[in-house]
Amino acid sequence: MRSVVPDYLTDVLGDVESDTSGEPAGYIPELAAADPERLAAVFATVDGTLHGAGDVDAAFTIQSISKPFVYAMALSDRGFDRVLAQVGVEPSGEAFNEISLESETGRPRNPMINAGAITTHSLAGAENLTPVERVDRVVQGLSAFAGRQLTVDETVCASEMENAHRNLAIAHMLRSHGILTEDPRAVVDGYIRQCSVLVTARDLAMMAATLANRGMNPLSNEQVVDGSVVRQVLSVMATCGMYDAAGDWATQVGIPAKSGVAGGLIGALPGQLGIATFSPRLDRHGNSVRGVSLFERFSSDMGLHVMEVPPAARAVVRSNRVRGGGADATRVLRLQGGIRFAGAERIVRELVESAPSEPRVVLDVSLVHSIDDVARRMLLEVARRLTLDGHEVYLVDPEMMIPDPDPGDGGRITVIDVARADGATDNHDRQPERTP
Amino acid sequence: MRSVVPDYLTDVLGDVESDTSGEPAGYIPELAAADPERLAAVFATVDGTLHGAGDVDAAFTIQSISKPFVYAMALSDRGFDRVLAQVGVEPSGEAFNEISLESETGRPRNPMINAGAITTHSLAGAENLTPVERVDRVVQGLSAFAGRQLTVDETVCASEMENAHRNLAIAHMLRSHGILTEDPRAVVDGYIRQCSVLVTARDLAMMAATLANRGMNPLSNEQVVDGSVVRQVLSVMATCGMYDAAGDWATQVGIPAKSGVAGGLIGALPGQLGIATFSPRLDRHGNSVRGVSLFERFSSDMGLHVMEVPPAARAVVRSNRVRGGGADATRVLRLQGGIRFAGAERIVRELVESAPSEPRVVLDVSLVHSIDDVARRMLLEVARRLTLDGHEVYLVDPEMMIPDPDPGDGGRITVIDVARADGATDNHDRQPERTP
Amino acid sequence: MRSVVPDYLTDVLGDVESDTSGEPAGYIPELAAADPERLAAVFATVDGTLHGAGDVDAAFTIQSISKPFVYAMALSDRGFDRVLAQVGVEPSGEAFNEISLESETGRPRNPMINAGAITTHSLAGAENLTPVERVDRVVQGLSAFAGRQLTVDETVCASEMENAHRNLAIAHMLRSHGILTEDPRAVVDGYIRQCSVLVTARDLAMMAATLANRGMNPLSNEQVVDGSVVRQVLSVMATCGMYDAAGDWATQVGIPAKSGVAGGLIGALPGQLGIATFSPRLDRHGNSVRGVSLFERFSSDMGLHVMEVPPAARAVVRSNRVRGGGADATRVLRLQGGIRFAGAERIVRELVESAPSEPRVVLDVSLVHSIDDVARRMLLEVARRLTLDGHEVYLVDPEMMIPDPDPGDGGRITVIDVARADGATDNHDRQPERTP
Amino acid sequence: MRSVVPDYLTDVLGDVESDTSGEPAGYIPELAAADPERLAAVFATVDGTLHGAGDVDAAFTIQSISKPFVYAMALSDRGFDRVLAQVGVEPSGEAFNEISLESETGRPRNPMINAGAITTHSLAGAENLTPVERVDRVVQGLSAFAGRQLTVDETVCASEMENAHRNLAIAHMLRSHGILTEDPRAVVDGYIRQCSVLVTARDLAMMAATLANRGMNPLSNEQVVDGSVVRQVLSVMATCGMYDAAGDWATQVGIPAKSGVAGGLIGALPGQLGIATFSPRLDRHGNSVRGVSLFERFSSDMGLHVMEVPPAARAVVRSNRVRGGGADATRVLRLQGGIRFAGAERIVRELVESAPSEPRVVLDVSLVHSIDDVARRMLLEVARRLTLDGHEVYLVDPEMMIPDPDPGDGGRITVIDVARADGATDNHDRQPERTP
């Protein structure tokens, strides 16, 4: 049997193939000469699987798609305060090459426009790097996101440098405001090298998947940047990634995304997957025509919109029963599914409404498949309160969903295995790894 | 035992209570006279539970918080095409009362600024409503979101009308561009009545929860607007809801939100909960000072940011085993958790890699707690392909997660109960409702 | 013999007649229905002579050409400080109907754009006029400039009022900023009546000639506004009169001007003449196409550009001679031409360089045809200094160019007739009117 | 006797001396270190006389005051079409260092803002000059305006170059639009050299006087640029010279002007004089505080405002008499004063209204002190028409005001001396130089 995903991708590529509208970027000969028929789409899951169709291994320059990744590096290397002092996070509603500096401070509006990206480049790596060292840090960082060593296309780089008047204008303007403190020409040179890194659609999908996977590359398992950085980067991609079409994209596609002038386009679905497409013809916003169509299809076909409300989950409280009686009476709550704040609130409520009088309370999380920090803390707090109310609290947690079950402050939890919990035999596929 | 959520809310209110910075809106006496110490926060879950602290029943005017809800009505009543032709979806990066019309067309940039909201008001209800009928449709619509009958504060309304010069300016400008086709004065009058609807923090939380619950009021179970409308509304709230601080909010809070000049502030977490706060003192952007602080706390304390990548879920494939042998050999995949595209992809992959040779394949979804459309379609397609490859495909689905399991086009699925599936006894709390 | 001026005007009209580009204003039926072939040009000299060609008596509405005249009334009626506090004088570089308010204060950028003109209308007449009284003051003021009673075209007025959405928008915006303090609707109504006053090209030329003649109507001799008001009005016309084409006009035509949407166009050459043209087809700036061509012709054919440097005048010192000798020795300076600062400086210098030792100094201004205030004061100061140096100073001034020749502060001037001045007989056409 | 002008200047300097508000430009050490107490004012008449007070010989850098002069050179060297294609003439309403490019074309709004001035620098001299040759052409041109060899302050120049980030930004932006076609760095270097030319208040007054004198330096008598160039330059100074305070300046001062950041300020009164002031402290617009005050005084004290309507001149027709009778009857018109269009019109009208029946008509212009082209052409045309009507036309013109009195096309004029004209003896100071 063949997988449905590659078939799906092949079908969708077939649907957009006939659209030859738009033009490849023409401002340097290397981009103008790109084969406009090239077309690729790749999905990379957060567990590292890649599905692709079309020219998935064709190499092209990353261009502006480097921006969110280098922004991630800057946030990691210099800290949020320093970066936010020099680059804002507000959508500009303007084209990519608008200067868009805040009038008083000269701070670029966001890191996705060139002014912000040039500043961001200068903030990658430690404070006192030489220009060469900084480019090296950027290329290594992009390589870490991609999970393989990337290189610079020197021909494109040289050609871009000859046509860098607008970027030089921006960099000198930033220098005049003190936003850049280094030689503007050197920073633009470094920025252009950053944009000239060669990637394939496959690389870009893996880079996007690294964002979707909280900053850990799904194949190398390298934690490239941490989760708070990823959250910032995805937020900025969501509001500023598609330039002056930000609102259209946010409503119609709803996937944090970034496009590049060589025809690449990436999207990252938090917790699900990275997506990349490649097709060189651009629309008037500078986004790949067929890339945009592909993302519209992906979003509507597969419900990938971040504002798509997920279907109502089955109740997290699978059962709430009393086993035994008298001094042996045990209240058993079997929980299931993924538990975040709303689920934890439901569990707490179940317990409050039950007002359990039984001496023992068992929380069974063996059917729970994920639980986040706030939910974990809420369950521990509930356990603490139950302890203070005179209950003994037990936890059935064969897969260690709650790794360190100490409620603190007068609370106590005893971890037990499922057999002791309710006297029944649950048909676990795996054995409990811990016993009290 | 007391629930942890109200305690948490009480704690957080206590933390922000001492912040007396900002000023209540002063442009009309009624708002200027508001008790600036009023403070409330309410959570409403998508199953209809409310947790609140502070002045949760204090009534105040809804003001701009009406905007997303009336936008939802307009989308419902007139359709997306008509509404989008007259109101854009791009963030304006400007204050709420900027005119912000597109220069050529006069189309307001988005429905969250006054120009867009005034236009949106005129698009609520059917085409030929009288001004009175339109206001009635709007008040009934807001009431449906809230789940109780709301009323207009006539005193505030009259006072606002006397100070409506800027809104009248905007409406006449819209009329001059043909965006409004009715009497500008009547539309502004209706818009002001819309803004003067009285609500409590409790109402607002329920209205937000209705958005978080795909448009169905969690208590009345009325489907107020459909899911595609909600997705559009949440997307626009995410990018345009907080005016010129949109990027700050998107990065730091990350909850689609809307504020009102009377001190209200709502947020909607898709699939989880609606949040409302109330505190009349405003910052320079016109947002409630303590309301913004509360949302920052909620977001960071509880991981409610929409770009927060959820923790890695346990594998959706709980087990993949072969029972029996020879002609009776049965491959059984037990699935679990919530399945969206990425999970379905994983299941497909498991089957492709297994390359099952057994005559029978069983998909057991009894531990699956949610599954979305695309995942459902992918599983059906896999079943179809397995049928075409010569397998018999069985589905164990005691809770009807896949309501109409017909793969079509040559595929066939037999629904069975769990006992037949693998000869084991699963300790189901509920009995399978169907047998083949 | 026929005058050359009407012939010239007829010739020039003939040259532009074939240009049928542009369109009459189409926003109300009355303007759209204007006969587009109408064409007129009129010159009115500062002594009240009119030369015209074409449809000089065709009536049309004054529209925006009323703006500078009503600005003049506001300055006269309320004083410069009050008017400048509410309307700026900076060119906006924008189209006539742009709102163009200063961002902080809401003050319109200048009185030639609609926002400024609406505000200016509200400042005409005394503070507490009723709307009807204000319109009356405006119509009477325009009539005074024209030198005949003008009337309002009620049909155009009614039609404009129905299409006044943009002006109503502007007025409400001004009201919201406190720039207007009256009912915006009433002010717009009055402003539209102002714009609907019927004029002919002949009227407009006379109105412009009144500006060119320091505010005195050349025929009625009514001093409509004073000279300082005229200077302000002409300055603002020069920088803001032609909207977004201000710079083009200032360089290519160089005549302070104002156009109206009904096809009128006026220009005022300080001290020389008023010009008016009429042709209804407008260019994209809203200026009459053939009107602009006519003014370009007038400017280049006749050197009417205000920055045209006049040809070097013959020396103001016609002769500097000594008559007689010894105690009778008399130094006689015969002056000629027009004397402003530069001429007076030349005369002073002549005297300083001559270092006259003669007991008597005669200044003969009988050939001087004009002398301004500063020059007069400088000559008196020179006379004072000569007195203090021990000279007797005599003035020959048969036409009373220096009406009150008292140098003050120790100076003394004796007015004599020419015969006594130098013993020669000057062939005066008129007799000296004074003897000492 | 001492001249009143220096005394006046000394008085006015004394009045403004106590104003120590503002700050010298601080962006480079050389300017920051300027002695802020320096104060000078100089008047230079169109016949080359200088009157000054204060530090008239203190040297400082010309800075932006070079802009109108280099604009004049560009217009001379490349022609109007070429220069206007690359630099506009519209006021920008913005600060001097705003980029202010037209959005489509990238054309700077006007030559007085830096973007326009940098472009203008590149247009001085012939097309293919090297950067060194271009700077040489510019320095020689400025020297020609000043009437002495000027030099560059190399220290200021070097320091400016180190702080030229904003100008480099502008130049690269212009290069990216193709407005500049040369190396942006070289153009900025040349522009900075242009701005670093050392001048005194005396030099600046003479440069301004050259503009006031139709482009001819009053001392050297070199025609530096022609009259049409001067008209363009003065027009642009009038509308764009004082940056964002253009309207204030145009109304309150009304003298075409230009300021420099080193504290210089010039004004040019067409046909009258050039003015320069020097005082280093600047207001927030970047204009010299005391310089602005001085110009306000000059304008109001001396009626130098270009929109000041000159006092009504004495009638140009001094007398209109008939001498003799019958076949000898002669109509004699004695004209006087300065004659431009309006005066010529008056003369033509006098003749038309007289409807002369006498065989001979004498036009006596011996008391006319100036006459411009259009007036000359009108008088010749009148003479032609009189000839065609059967009159003999005579001209009395001892000073050759009408150098080549040929009406052409059937007209004929006989030049005679005054004695023959009317049989009377006019007491001319000079003898007629021609006889028929």
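Each chain carries a letter (A, B, C and D) given by its place in the written order, and its residues are counted from 1.
By definition in this document, contacts are C-beta pairs under 8 Å (C-beta built on N, C-alpha and C of every residue); 3 or more make two chains touch, one makes a residue touch a chain.
None of the values given here were measured: they were computed from a predicted structure.
Enquirer: Which contact partners do subunit A and subunit D have in common?
Expert: Where subunit A and subunit D might share a partner, there is none at all.
Enquirer: Between subunit B and subunit D, tell me the centre distance in angstrom, where each centre is the average of that chain's C-alpha atoms.
Expert: Going by mean C-alpha positions, subunit B sits 68 Å from subunit D.
Enquirer: At what distance in angstrom does the C-alpha mean of subunit B lie from that of subunit A?
Expert: About 21 Å, centre to centre.
Enquirer: Using the average of all C-alpha atoms in each chain as its centre, how far is it in Å between subunit B and subunit C?
Expert: 65
Enquirer: Listing for subunit A: what residues touch at least two other chains?
Expert: Touching at least two other chains: none.
Enquirer: Return all touching chain pairs.
Expert: All touching pairs, sorted by chain label, are A-B, A-D, B-C, C-D.
Enquirer: Report the residues of subunit A in contact with subunit D in the complex, numbered from low to high.
Expert: These residues of subunit A touch subunit D: 99, 165-166, 168-173, 175-176, 184.
Enquirer: Provide the residue numbers of subunit C that touch subunit D in the complex, in ascending order.
Expert: Listed in rising order, the residues are 1-5, 43, 45-47, 49, 51, 88-93, 109-110, 212-214, 227, 230-232, 234-236, 238-240, 244-248, 250-251, 254, 256, 269-273, 301-314, 316, 318-319, 334, 336-338, 340-342, 345-346, 348-349, 351-352, 355, 367-374, 378, 381-382, 385-386, 389, 399, 424-427, 429.
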